[in-house]
Amino acid sequence: MYQKCCDLLNSRGVTLESLEELVFFLQGKYYNNLTQEEVRSAIESVLQKREVQNAILTGVALDLAAEEGRLADKELEQLLIDDAGLYGIDEVLAFGICNLYGSIALTSYGYVDKLKPGIVGVLNTKSEHCNTFMDDIAGAIAACAASKVAHNKQNDEPV
Amino acid sequence: MYQKCCDLLNSRGVTLESLEELVFFLQGKYYNNLTQEEVRSAIESVLQKREVQNAILTGVALDLAAEEGRLADKELEQLLIDDAGLYGIDEVLAFGICNLYGSIALTSYGYVDKLKPGIVGVLNTKSEHCNTFMDDIAGAIAACAASKVAHNKQNDEPV
Amino acid sequence: MYQKCCDLLNSRGVTLESLEELVFFLQGKYYNNLTQEEVRSAIESVLQKREVQNAILTGVALDLAAEEGRLADKELEQLLIDDAGLYGIDEVLAFGICNLYGSIALTSYGYVDKLKPGIVGVLNTKSEHCNTFMDDIAGAIAACAASKVAHNKQNDEPV
Amino acid sequence: MYQKCCDLLNSRGVTLESLEELVFFLQGKYYNNLTQEEVRSAIESVLQKREVQNAILTGVALDLAAEEGRLADKELEQLLIDDAGLYGIDEVLAFGICNLYGSIALTSYGYVDKLKPGIVGVLNTKSEHCNTFMDDIAGAIAACAASKVAHNKQNDEPV
């Protein structure tokens, strides 16, 4: 399932490298000795979590169904295609992931959601694809990995 | 949109009466002067909320797509059809609704989710329909209405 | 810090045995081969988590301050002593813990909060002690351990 | 209780004007016709909510007790005085408020928590006062008001 989720993310433009970039964006300023290995390992651990995998499967299924016109409810389809400002179920799914990783994950996700750095900004740009769920899920995965990095780092050093 | 959501709920077996029954189950023991009008009015107010409406549209879309074999991802489809114990996105959506109505809504939803009274139990019984999201959404709507009733009642009386 | 939290819980009447009893109450019906070792190990792992420890420290501090009349704000003190129905910060703290352990933890906590089995019921009974936060924290710890048990059990068997 | 909460906020340096500034920071870029009246009215409505008031009372009580050396647990006292990075109960309380106002409140709070504009930055600066809870609560109140403004504005126009 881990590999399947990586493949699904890739198929929507979200590579492990693009997630690493987000984690460095979030934590690089606090830890200038942060290595790519630490970041990669945190991301992989997040992607192993079953509830994260379920969120990826479900979010991509909704994005794809909207994109391909397969949703029975055309009003919902339009909300997803427009990434409508008051449709917040994509954020609800993202918070569902972030909650598992504590406060740092939640605030980091909020920050990424507003600033839209890197791949989040790319996904959020209008295109032939519907990425209403994917941009939030990518941001949430990076935010969870950022929280994991922060906890690891602070346990390393005597706090 | 309010009427559309009522119709959608009805089409999945969730009537306003079945929701009222859940609210009485949750609050009847605390307020024995609770009237059907108060309960109905609380439910209607919950169903007017945009984020609740979005959750209904999205949850029903996923249930229907699974039921009719229209999900591209057959592994996800099977998770939904089985209402798999470790698939928790349906609860995530339900919590997203309950969060808007505070602590009483959240604990009431947890209670309903375990005991499965009334329509929640009916929906949770294996049938030709997939109600993986619907049973949680019905429980969440009733839990929110229960919270609203409790707050209304306690503001009525000098606390 | 782990030992300090156990001691704090003990000093408020919450033993590891009383938490085990709650976890059996929550999961015993699903897994009749559940052992005390599995349950104890899940509880210990929850109590090792820093955010859980912080919630215990903070909740006990508020209960104690109210009990001993040391809160500057006497209106807040009364809310805590009365465990007022519309004061929901104790539940907010409990949800903060449960969120870390996913959907099963959240619904289990809601269930325990309504039924008040075992030590939760004891703490909730009026006494010379203020346990407004403690009953919710005890319920939340057990709910998190119950979620951990469910995930462990289902990973054991081919799902 | 509304007036008491305003007074409490004031006594910790958080004026209605400083909250207005935060809301303009969050929503001004989206609505350039946003008026001070709309913002003030949204803030006042948030401050009328009982769960928000309870969070203010509780957070200020903890900040004050730490500041004045009145916490029995000196380890917790030090965590609060240091606003320790891995102590997340202040954020848990803030999320408890934001959850009531939906996705926009949650992401706005995360954004404010990272950027620390206006009064949030002032409170976060080391001083003789302990504002571990207050900076998060001020950010959360503004984030909720920002969400309310966004919903009001979008209902004004045909969505």
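Letters are used for the chains, namely A, B, C and D, taken in the order the chains are written, and counting of residues starts over at 1 for each.
Note that in this section contacts are C-beta pairs under 8 Å (C-beta built on N, C-alpha and C of every residue); 3 or more make two chains touch, one makes a residue touch a chain.
Predicted model only: the values in this text are computed from it and were never measured.
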Chain pair with more C-beta contacts, A-C versus A-D: A-D
Farthest-lying chain, centroid of Cα atoms versus that of chain D: B
Between chain C and chain A, distance of the C-alpha-averaged centres to the nearest whole Å: 31
Geometric centre distance via CA averages, chain D-chain A, whole Å: 26
Of all residues in chain A, the ones touching two or more other chains: 50-51, 86, 88, 92, 95, 102-103, 151
Contact set on chain B toward chain D in their complex: 50-51, 99-103, 151
Chain D residues within the chain C interface of the complex: 4, 50-51, 54-55, 57-58, 60-62, 64-65, 70-73, 75-76, 79, 86-89, 92-93, 95-96
Residues on chain A engaged by chain D in the complex (per definition of touch): 84-86, 88, 91-92, 95, 102-104, 106-111, 113-115, 150-151, 154, 159
